[in-house]
Every structure is written in C-alpha cells, then in structure tokens.
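You will see two complexes here that share chain A, one where it goes with chain B and one where it goes with chain C.
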Partner chain A sequence: MHISEGILSLPILAGGGAFAIIGTAIGLKHIDTDHIIETSLLSSAFFVASLVHIPLGPGSVHLVLNGLVGILLGWASVPAIATALFLQALLFGFGGLTVLGVNTVVMAGPAVAVYYLFGPMIRKEGRTRMIGAFCAGMVAILLSTCLLALALVGTDRSFLDTARLLLAAQIPLMLLEGVITMFVVSFLARVQPELLNFSSRVHP
Partner chain B sequence: MISEPFAVGDSLLHRTDPAVKIISAMALALSIATSSSFQVAGAGLLVAACCCYAAELPLGPLARRLATVNIFILLLWITLPLTGGGGHMVRLGSLELSGKGIALAGLISLKANAVYLLLTALLSTSTIAAIGHGLERLHLPNKLTILLLTTYRYLGRIELEYKRLRRSATLRCFHGSTNLHTYRTYGYLIGMTLIRSYERSRRIHQAMIMRGFTGTFPVLIQQRTGTMDLLFLALCVCISLLFSFLTIR
Partner chain C sequence: MNICRFLTWNKLFPVILLLFVFITPAPVFAHHLYVFAYVNGRDIVVKAAFGHDRPDKNGKVTVTNSTGKLLFQGKTDSRGMLHFPRPQLPPNDTVKITVGGGPGHQGVWTMTPADLGNNTAATETPTDSVHTAQPNNSPAPPSLSANEQRYLARLVSEAVAREIEPLKAMMARQMESGPSLQNIIGGIGWLVGLGGLVAAWSSRKKR
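On to the complex of A and B.
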C-alpha cells in the first residue's frame, strides 16, 4: 500500500514529512544500542514477509503486516517501517523519496495505534489473545487505507472516487491480514512467547 | 529477488559523492513532484532522461521497474477520466470523459515517471551501503543509519531462510489455495522466519560486542566531496529552483 511520486500536493507531503520525523525521533528514543540489531533483523524479516504472495480467490495478494510490526515493536515500528519504505523505494521503485513521509505515516501510524489498542489483549492468554491479534491485523490495514484515502482527497477532490474504490478493494486484504496475524501470534505464543513482549522489554 | 542492478558501473553519476546525490535528488524530486504545470513536468522528465543517459543505466531492468511504477498510475487513468468532473467534457463513443480528470492523470503520469527515473539515476547508482554512509555524513541520527545498513545487510540472509522454510513446506506437499489451512501454514512460516531472525540477531549482536561494537560503524572508504561534486550539486539545485519558480509563476 504505497502512494507513488507526483500525486500528492505540497501541504500533504510536508505534513506527512513532519509527522514522520517526529514519529521516527520518538521511535529511535525507544531503541537502545543493545536492541538495535534485534530491531534491524526483525525489520528485515518483515520486509521479506511483505514480499510473500498469499493466494486469495483467483489471484494472490502480498501482505503488509503493519499490525504485526506494531504489536511486536511498538514505537520502534516507526523507524523500522520508514527504513523498509526507503529500501523499497531504492530497490524496487515502490513509493518514493518525496512521499516517504506520507507513506511512513500511512503505514506506521496505524502500527503504533494497534500497539496501544490491542497490545494488552495480546499479552493475555487464550481466546482474548487470538481476537486481539485478528483485530490488530485487520484494524491496521483499515486505518492505513483511511489515511491513504485522506491524503488523496486532501490533495484534490477529484480523487474521491479513486479513494472509495481503494477502500472497497482493500476489504479482502483486511480480513486476510487479520487471519494471518492471528496465526503468527498464536505460533509465537507457543514457540517463543518472549518475542510478543519484545517492545516492553526494550523500553520497560 | 533483492539485487542492485544499477549500482555497478563507472559513469559520471556512479563516481559522484552519495551525499551530494541524496541532496540533489531530494531537491529535484520535490520541485518536480509538487509542480502543477505541464511544462515543468515535461522538462523534469527530460532532465531525468538525461540523468539516466549519463548514468548509462541498463535498459532492460529500467523498463521493468518503470512498469511497476506505472501500475498505480493505470488505476488513476481508469478512475480519474470517469470521475474527475469539471466543465469541459470529451466525448468518446457513448462515454463522456472529464477533461480535467484526463489532464490530472496525464500530469501525474509525467511527474511520477520523471521523479522515478531521477531517483534511479541518482540514488540507485550507489550501493545501499554507500547511501547509508552518505546519510550519516548528512548528520542523520546514528541509530537510523545502523538500522538501515543492518536491515539491508540481512535482507538476503533472511530471504534465504524464508525460502528454505517454504521449500520444505513444498516438499511436504503444501499447495496454497484460498482456505484456512493455507493461511495457517503461511502464518506459521512467517512466525518461524521471525523467530529465526530474532535468534540470529542475538548471535550477531554478541559477535559484534565481542569485536568492540560501541554503537557506530567505522567507515573504511572515506568519501571526499570534490569540486565536480559541488558543481553537480549547484547545477541540480539551480534546476530545481528554476522549476519551483516556473510553478509559482
């Protein structure tokens, strides 16, 4: 879910850039030198996971997983996502440099939001954890799509229908992200539960 | 999957200081991306094409990248002419297309391609490692450059790790389709990849501590900003100021 170069207006780009810088600064404060390598490798793992194509109906979609990133990394997800977006722009040409700020806000804002909304549920046991994980995955994509739509409509009113189309097209992805996030969390809870408390250990 | 096909070469742009290229790319990209004039967008595309020519980029990979960039643009071409509104309508058979929508889609296509070509010519001609150190010289927070360089360094490793897991799933007759079993399997594969990367990161961190890591990466090749670099920077900044002036006027 990237927006390309040359679409958004200057105020939107500047606003996104400012929020992204503030978020990245807060996020970097939450990573100490002892955990920077762990954060980096989790961030490369998410980068790889976001390239995986999952079959859905007649085609396939690729995952975003910003909900999962948010649950695991908390505020550190802002610099991690900004880094991943910068690398994607350089390596594949997804997104771009001037829209880096907006894209970071669109993806990392919801990640931090679900960390606060569903983080407590995920640290509980059993069914509550599963529901929390599903909601985290789904709500993160929902919020991201809304932010993206907002950025488009804020630039030009003619984007209203494009934004509506985008929102409708993302509904299957929201459900899929919810289901996948739920399975990843249930797996981590059984195999390596300490990863689910990663962010609270980094900045207690 | 993850490669840098444009970073090898010995053209003028390959030899320019990465820090200079980052500032130039940012200035030019901003001035083109925020413009609302067709002249500036067209001129921007021309400048970008010149940069690509100067960087002697291989055409095959470049064309493939441009195709991915234009997928989202295609969505705009489908929706904007139908929904753009505005007074001036263009008739095409039984369809009524909005002139304003077509103009907007055209402008965006020009700008997006111009900025993309520019970024490829200026930034992809350096390795990510060089870009990371360039960012460090521009006084980006040290933690952010470590995050960038380490994330990039281990992308390939972790991709191999994931592929190995995926292959062993295939050997056990896993076949993906739209059902809960597939999604559970992918969820577990991703979970296992996360655990493996986490375990690996702890070993790497221990190894780095043992070799005296204090939170900074020492740089082996000290890049100096020469006269040619400064001239290039001045040229790019002048062009972007000209573009901004033309847009405001």
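On to the complex of A and C.
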C-alpha cells in the first residue's frame, strides 16, 4: 500500500503533500486533550500493522488497519496515520519522505471517509454495529486502493493496467480487514464501549 | 486521565498484542523492496527481495549510468536474481540499478566505481584489473612469459571470486533482512512517547 520514492510525478507529490498538511491540521484540532493517549496507541497499532504479513493466494498482503483507526478516531486519524507513516519511512524504509504526503492521503483519506459513512452504525447495538465495522474495514481498503491507483495513473497512463490488477489483488485484503475490524470493534464494545463513542465526543 | 482509564487500557493492550501474534503465521516481513548488486567476474549480479524467502520474481530491472543512459533491461528470475554482462564504462562512472516490485514499489541500488572495480588504474577486463591492482606486492617471476602471467592472473582472479562469492551472498541476505526488532519497538516507543509529551504539555496548559 506504500508507494515508493521515485515513482510519482511532482504535481501528484505536491498535491498529496498539500492535502496531507490540511488534513493533519484539521485532525490536530479535533484531538481532545483527554484522548491523546488513545490516539497515539492507535497510531502505534497502525505502525505495527504493516509488518504483519499474511500469505493470501499466490501473493501476500500486509495489514493496513486504516478502517479501524478511522472509525475510532475520525479526523484525528490523519495525524495518527501521518506520524506512523513518517516513522515507517524513517525506520523501515517503507514508502519514503517525499511520498509521505501522498501515502498519508491514500491511507488517512479513506479512514476519515469510513468514519462518516459507518460511524453512526458502530454506535448502534448488535448486528448493525458488526456490519458497520466490517464495511468500515473493507471500504477503507477499497478507497485506499482506488486512491493509490489514481496516483499511479495520474503520474503515467501506462499504469492503467497495473491499477486494474491492483484492485483485483486487494479483494482478499478488503475482506480480511473487514473481519479484523469487526472483531476488534465487537471486542471494544464489550471491554471499552466508550471508545466507540470517543470520536463523536471529540467533535460534537 | 485517571487511574481507572489506565486500568482499562491495561486490559486492552495485551489483547491488541495477542491479536498481532495470532494473525502472524509467518515471521514478520518487510514491505520494502531490497535491491543489492555486486560484480561477479565479468557479470553484475542483481538480487531483489521483499524480505527473507520472498524474492521479487519477474521484477523489471533497468540499468542506467550516471547520465541516465540506458545500459541494460531485463527481468529477475524466480529467485529474484539477474545476471547481466558488466557494461564497459569510463572509470568514474556509476551504475544505477532500478528494480520494480509491483504497483507502486521499486528499489534502487547504485554501484560506485569502486564497487565496479573501476579504480583509476582500471583496465578493460577483470583479469587485468587484478593484475594491475597489486603490481608491487606480487610481481610475477621474471621466468614467466607474458601469456603465463596473464593465465596466472586469471586463475587467481577466479579463485578470489569463488572465495568471496559466499560473502557477497551473505551481504545480500543482510541487506534484505527487513526491519529489526529494535526499530519496531523504537517506533512504538516514539509514538507512545509523543502522545505522552503532547498530553503532558496540554495538561500543563490547562492548569
């Protein structure tokens, strides 16, 4: 899911950087002082998730968990994901510093989107919550893949076929992330239910 | 932020950690494309992998010089490796090897003149470069003819190449070993620490 250095064109990099800065600024404003630790813990979860590698079919995927982070943090997921991506680039060489903006938009943009799309569902009880959580995990990966494909095609039209292949290859990951997000949300609903309402309290 | 809050998080933490342990069927792998290249006789060997035992198969390899001139194009095999003839370049030129690893992924390795065995006294063939590299330390006995000297130099060159081959392979493996545990724990520490710092700063502001 991380785009490497030296692939994207300058306008795409600059556009991604600008959107990432705006998103991070909005996100920082939305972080309630009482929930900074939760934000940093979810940022850590996102940071580690990329290292969890799962062999699926002929290839292999790694977790992203941006749906989970998004649905729990809302706008605060932008700075959480941006910081984790920065450390991943610095410590692991995933992505890179010049593509940090684009990678932030690719992963944090859908996180905010699923918060608005499925946030109300996970604050309900029972099956609605489970379906909402599954959809949040799945749709976040779907949107991220679309954004990634858009960044590649925006740089070079010849990436169009690769982008199509990419979309098909990510389907198993979409389902997997949906299941994991559902599992974690159902667990949080039992152990720490106020966390599911956390972002609604953050910005009323 | 009272004690109860931390207690509940204490319950949550092991579960999140366990979640990661359970869903990790294989050792953690890097998502970074590692590229490593070295000279082997008259060839350059390229190795590309995402981590241990995960070679970048059919990765598109593009070889250019320092001015961006295309020198070679090819694809890696099932072991993520590619052999291609060492290009003839001016002594101070570098070789940039770019390997693609699927959508949005690529790795780059640059070979300096020293990596290529092109020092200032470098000549056309590796055989001769070995011969000229140590002209004073191991002078050939005067009784040997020029042909015999060349033959001897070639034998030595081949023997050295054979001996250091495992070392180069070991270096290639180290290059692609992926993120270390220290880096992973360090990163988590940074994130939690930053959170703590911001929390401390904002609570001071409140007071």
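Quick note on the criterion: the second predicted complex is superposed on the first by the 189 of 204 C-alpha atoms of A that agree within 3 Å, B and C clash if a C-alpha of one lies under 4 Å from a C-alpha of the other, contacts with A are read in each partner's own complex, and residues count from 1 in each chain.
In this section, contacts are C-beta pairs under 8 Å (C-beta built on N, C-alpha and C of every residue); 3 or more make two chains touch, one makes a residue touch a chain.
The structure presented is a predicted model; accordingly, all values stated were derived computationally and were not measured.
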item: Clash-or-fit label for the pair chain B, chain C on chain A; value: clash
item: Chain B versus chain C as contact partner of A:Met174, first or second or both or neither; value: neither
item: Contacts of A:Thr24 with chain B and chain C, given as first, second, both or neither; value: first
item: Contacts of A:Asp156 with chain B and chain C, given as first, second, both or neither; value: first
item: Touched partner set for A:Leu13, first chain B, second chain C, both or neither; value: first
item: Chain B versus chain C as contact partner of A:Ala108, first or second or both or neither; value: neither
item: Touching partner for A:Leu165 - first (chain B), second (chain C), both, neither; value: both
item: Chain B versus chain C as contact partner of A:Leu148, first or second or both or neither; value: second
item: Chain B versus chain C as contact partner of A:Gln192, first or second or both or neither; value: both
item: Touching partner for A:Gln88 - first (chain B), second (chain C), both, neither; value: second
item: Residue contacts with chain A in the superposition, chain B compared against chain C; value: B
item: When the two complexes are fitted on chain A, the stretch of chain C hitting chain B, from 116-124, 134-142 or 188-196; value: 188-196
item: Chain B and chain C footprints on chain A, overlapping residues; value: 2-4, 6-7, 33-34, 36-41, 43-45, 47-49, 51-52, 54-55, 63, 83-84, 87, 91-94, 159, 162, 165, 180, 183-184, 187-188, 191-192
item: Chain A-facing residues of chain B, complex; value: 1-4, 25-26, 29-30, 32-34, 41, 65-66, 68-69, 72-73, 75-76, 79-80, 82-86, 98, 100-101, 104, 107-108, 110-112, 114-116, 119-120, 123-124, 128, 131, 141, 143-144, 146-148, 150-152, 154-155, 157-159, 162, 176-178, 180, 182-184, 186-198, 200-202, 204-205, 208, 214-215
item: In the complex with chain B, residue positions of chain A that touch it; value: 2-10, 13, 24-25, 28, 31, 33-34, 36-45, 47-49, 51-52, 54-57, 63, 65, 72, 79-80, 83-84, 86-87, 89-94, 96-99, 156-162, 165, 176, 179-184, 186-188, 191-192, 195, 198
item: Footprint of chain C on chain A - complex, ascending; value: 1-4, 6-7, 33-34, 36-41, 43-45, 47-55, 60, 62-63, 83-84, 87-88, 91-94, 148-149, 151-152, 159, 162-163, 165-166, 180, 183-184, 187-188, 191-192
item: Chain A-facing residues of chain C, complex; value: 1, 8-9, 11-13, 15-16, 19-20, 23-26, 28-33, 51, 54, 98, 102-108, 178-179, 183-184, 186-188, 190-192, 194-196, 198-199, 202-203, 206
